[in-house]
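This report concerns only the one structure given below.
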Amino acid sequence: MTDHVYKLTELVGTSPESLERAIQNAVARAKRTVRNMRWFEVQQIRGHIEKGEVEHWQVILKVGFTLED
Amino acid sequence: MTDHVYKLTELVGTSPESLERAIQNAVARAKRTVRNMRWFEVQQIRGHIEKGEVEHWQVILKVGFTLED
Amino acid sequence: MTDHVYKLTELVGTSPESLERAIQNAVARAKRTVRNMRWFEVQQIRGHIEKGEVEHWQVILKVGFTLED
Amino acid sequence: MTDHVYKLTELVGTSPESLERAIQNAVARAKRTVRNMRWFEVQQIRGHIEKGEVEHWQVILKVGFTLED
Amino acid sequence: MTDHVYKLTELVGTSPESLERAIQNAVARAKRTVRNMRWFEVQQIRGHIEKGEVEHWQVILKVGFTLED
Amino acid sequence: MTDHVYKLTELVGTSPESLERAIQNAVARAKRTVRNMRWFEVQQIRGHIEKGEVEHWQVILKVGFTLED
Amino acid sequence: MTDHVYKLTELVGTSPESLERAIQNAVARAKRTVRNMRWFEVQQIRGHIEKGEVEHWQVILKVGFTLED
Amino acid sequence: MTDHVYKLTELVGTSPESLERAIQNAVARAKRTVRNMRWFEVQQIRGHIEKGEVEHWQVILKVGFTLED
Amino acid sequence: MTDHVYKLTELVGTSPESLERAIQNAVARAKRTVRNMRWFEVQQIRGHIEKGEVEHWQVILKVGFTLED
Amino acid sequence: MTDHVYKLTELVGTSPESLERAIQNAVARAKRTVRNMRWFEVQQIRGHIEKGEVEHWQVILKVGFTLED
Amino acid sequence: MTDHVYKLTELVGTSPESLERAIQNAVARAKRTVRNMRWFEVQQIRGHIEKGEVEHWQVILKVGFTLED
Amino acid sequence: MTDHVYKLTELVGTSPESLERAIQNAVARAKRTVRNMRWFEVQQIRGHIEKGEVEHWQVILKVGFTLED
């Protein structure tokens, strides 16, 4: 096995639907500029409330990707 | 912009369905007595198990609301 | 009331579907060997990314169960 | 089971006697205005020293109680 | 010495000027409804950025006050 | 000195009397199946409240024991 | 509302004057390459001491900005 | 009020009797060389187990004392 | 992919030589009773001092292994 | 480069004026007995409230200094 | 002294040999694109186990570098 | 057993060679003035980078020693 090096980038994904969707939105957006994403770790879960209802979910996550040789 | 002051209150919402629903239940209950809720932050996710199945989800969250002038 | 003693065991559940399902999978697997499970606490939420999409969700949780007399 | 919502309130109990008494003092004081207290969690243990002796114990705790429907 | 019980309430103060002013704004606002405030503890320091400049400072703090007998 | 390896197991002891007794109850219960216990570390202190009184104390602790060769 | 995605970048600002100025220096420097900065969160406050005097303040902060579509 | 400066020193007190006694032992020992002790904060609670019984309690605490002018 | 479930067990490895060796000792000992170990995470690094020299290194680690179907 | 060893000491500085001044007061007081101070790290920010106003600021900090050969 | 601003980037270095080598691999890889690296801080130590042996070490670290004017 | 009291002192050891050597350097330096050192706990691992290479390792550790009667 070669000695891989990974980089972590921290993102906030949002969604009016669900926590999973907020994470998927962040990963989908990162995909445009980052290749070789391998895993994510949730840092914090928050949300915005409007008129006494949860308007959208916010998930802060770290995404790890392989730095290519 | 005027200098807003917010207050945080800590709640536990529960639901047999999902994490999102547990949070929404807490916010819906708080709505009866608290106006101007603006955001929430999840503190912990727990749950109750009955006969080897998750019976309900529990989410501890902080809710922030504007203190009116 | 007698003086109950509980034990905590730490598990990682995975699911391609949702966070709730990842937790339920861990609890269902533990059910085969552990009786009297009472509660769980989420420790961390992670996930695996394949080709720029979340391939499966991983939830690290502690499960508490009663030690029988 | 109905979907309960709980509220957490943070208190500091003090006692010249013991840690347990400091917690009980906080709960006893809260009982005057809060109904349906269900559990507490210790956040921090501190104390005051006077003339090289522990004069009183201080326990910071969160108390959870059911919000009635 | 009698056995005092204190309560902690969590606030967010804001100010366009400084961190100290953000804290003082929160304490001044709380003064209207809370008597016998005794100390505060900073939980987090944040801020809002507008057009590449810090527009206002936000300080999350816990304020402790004596519960009267 | 030989290279010892220890294992940590996480328990919750309860007692209506005191924090020390809750810990001792957990250790006494573990003694039935675990040999060579060496130390414990308190993770969290909680308790159950019934009718505005602390009904029993709960201490979450890790117990370390030597794995025999 | 569209589903925004934000990115967090971690910086250390320094200043011989004050904590606020150290933060503003970091934000001002980031402004040259990052558009749409929205908020910051202080991670740690440190400082350098020279000849028994605080020579400069160091603030580690995370800055959040909107990823444009 | 003059600008007091306090120093914190970290100690481990032990006792075969109770947590309170372990703390008091640490404070009593510190009293021989430190004047003006004002408060303590518990950092961790541990203990030693011998033959399946808690042999002694260990409390790691910080003690704060006034630095005299 | 099937829905794997992993279990985490917490160990303390020791060695008079190095941190890496302390970890390897813990893993080697666990290998006797645990199959399918997949990863470890270091929780804490400690050590024992004898006559002013580090006598042995202690590493607290969590080891994750696959629960077989 | 020789192998430097540093020591950390924990102090609480206070000031009626500002957070920076509270830190500077602690460093100035330490200067009387400690040489070669090199850096500080803020551990906690607190304050005392009197009659609904912040009476003085308290900053808990660690100060690092070189141990001379 | 001018007001330096530093940026922190988070990396994971791996090595089959040692913890130090895992860190050095991450720094060596970052060197290709980042100039003026000044310090690193270890965030977490993990590793991969294959056939009951540590196959490679993983160190998550933050690397700080000067942003040039 | 008599009731021992221990004191903790916080040090930073450095070494161009390895993490273990950085710790041993700190312990060796402390040995000159502190008797009866018993254990250490690593608090943080850092390092200095010069020209894209790790120049020296820094380990922040707490050292515990017995206070003699």
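Note that the chains take the letters A, B, C, D, E, F, G, H, I, J, K and L in the order they are written out, and that residue 1 is the start of every chain.
Following the convention adopted for this analysis, a contact is a pair of C-beta atoms (placed from the backbone, for glycine too) under 8 Å apart; a residue touches a chain by one contact, two chains touch by 3 or more.
If you're wondering where the values come from, they're calculated on a predicted model, not measured in any experiment.
Engineer: Please give the intersection of the contact partners of chain C with those of chain J.
Structural biologist: Intersection of chain C and chain J contact lists gives nothing.
Engineer: Which one of A-C, D-H or D-E makes the same contacts as A-G, at least in over half of the residue pairs?
Structural biologist: It is D-E that reproduces the contact pattern of A-G.
Engineer: Once you find the CA centre of chain B and the CA centre of chain D, what distance in Å lies between them?
Structural biologist: Once rounded, the distance between the two centres reads 22 Å.
Engineer: Need the CA-centroid distance for the pair chain F / chain H, whole Å please.
Structural biologist: Inter-chain centre distance comes to 22 Å.
Engineer: If you look at chain F, which of its residues touch at least two other chains?
Structural biologist: Within chain F, the residues that touch at least two other chains are 9-10, 19, 30.
Engineer: What residues of chain A sit close enough to touch chain K in their complex?
Structural biologist: For this pair, the touching residues of chain A are 1, 3-10, 62, 64, 67.
Engineer: Could you please specify the touching residues of chain L with respect to chain K in the complex?
Structural biologist: Against chain K, the touching part of chain L is residues 18-19, 44-49, 52-54, 57.
Engineer: What residues on chain A touch chain C, complex-wise?
Structural biologist: So the residues of chain A touching chain C come out as 19-20, 23-24, 27-28, 30-31, 37-42, 63.
Engineer: What residues on chain H touch chain L, complex-wise?
Structural biologist: Residue list for chain H touching chain L: 9-16, 22, 25-26, 29-30, 55-56, 60.
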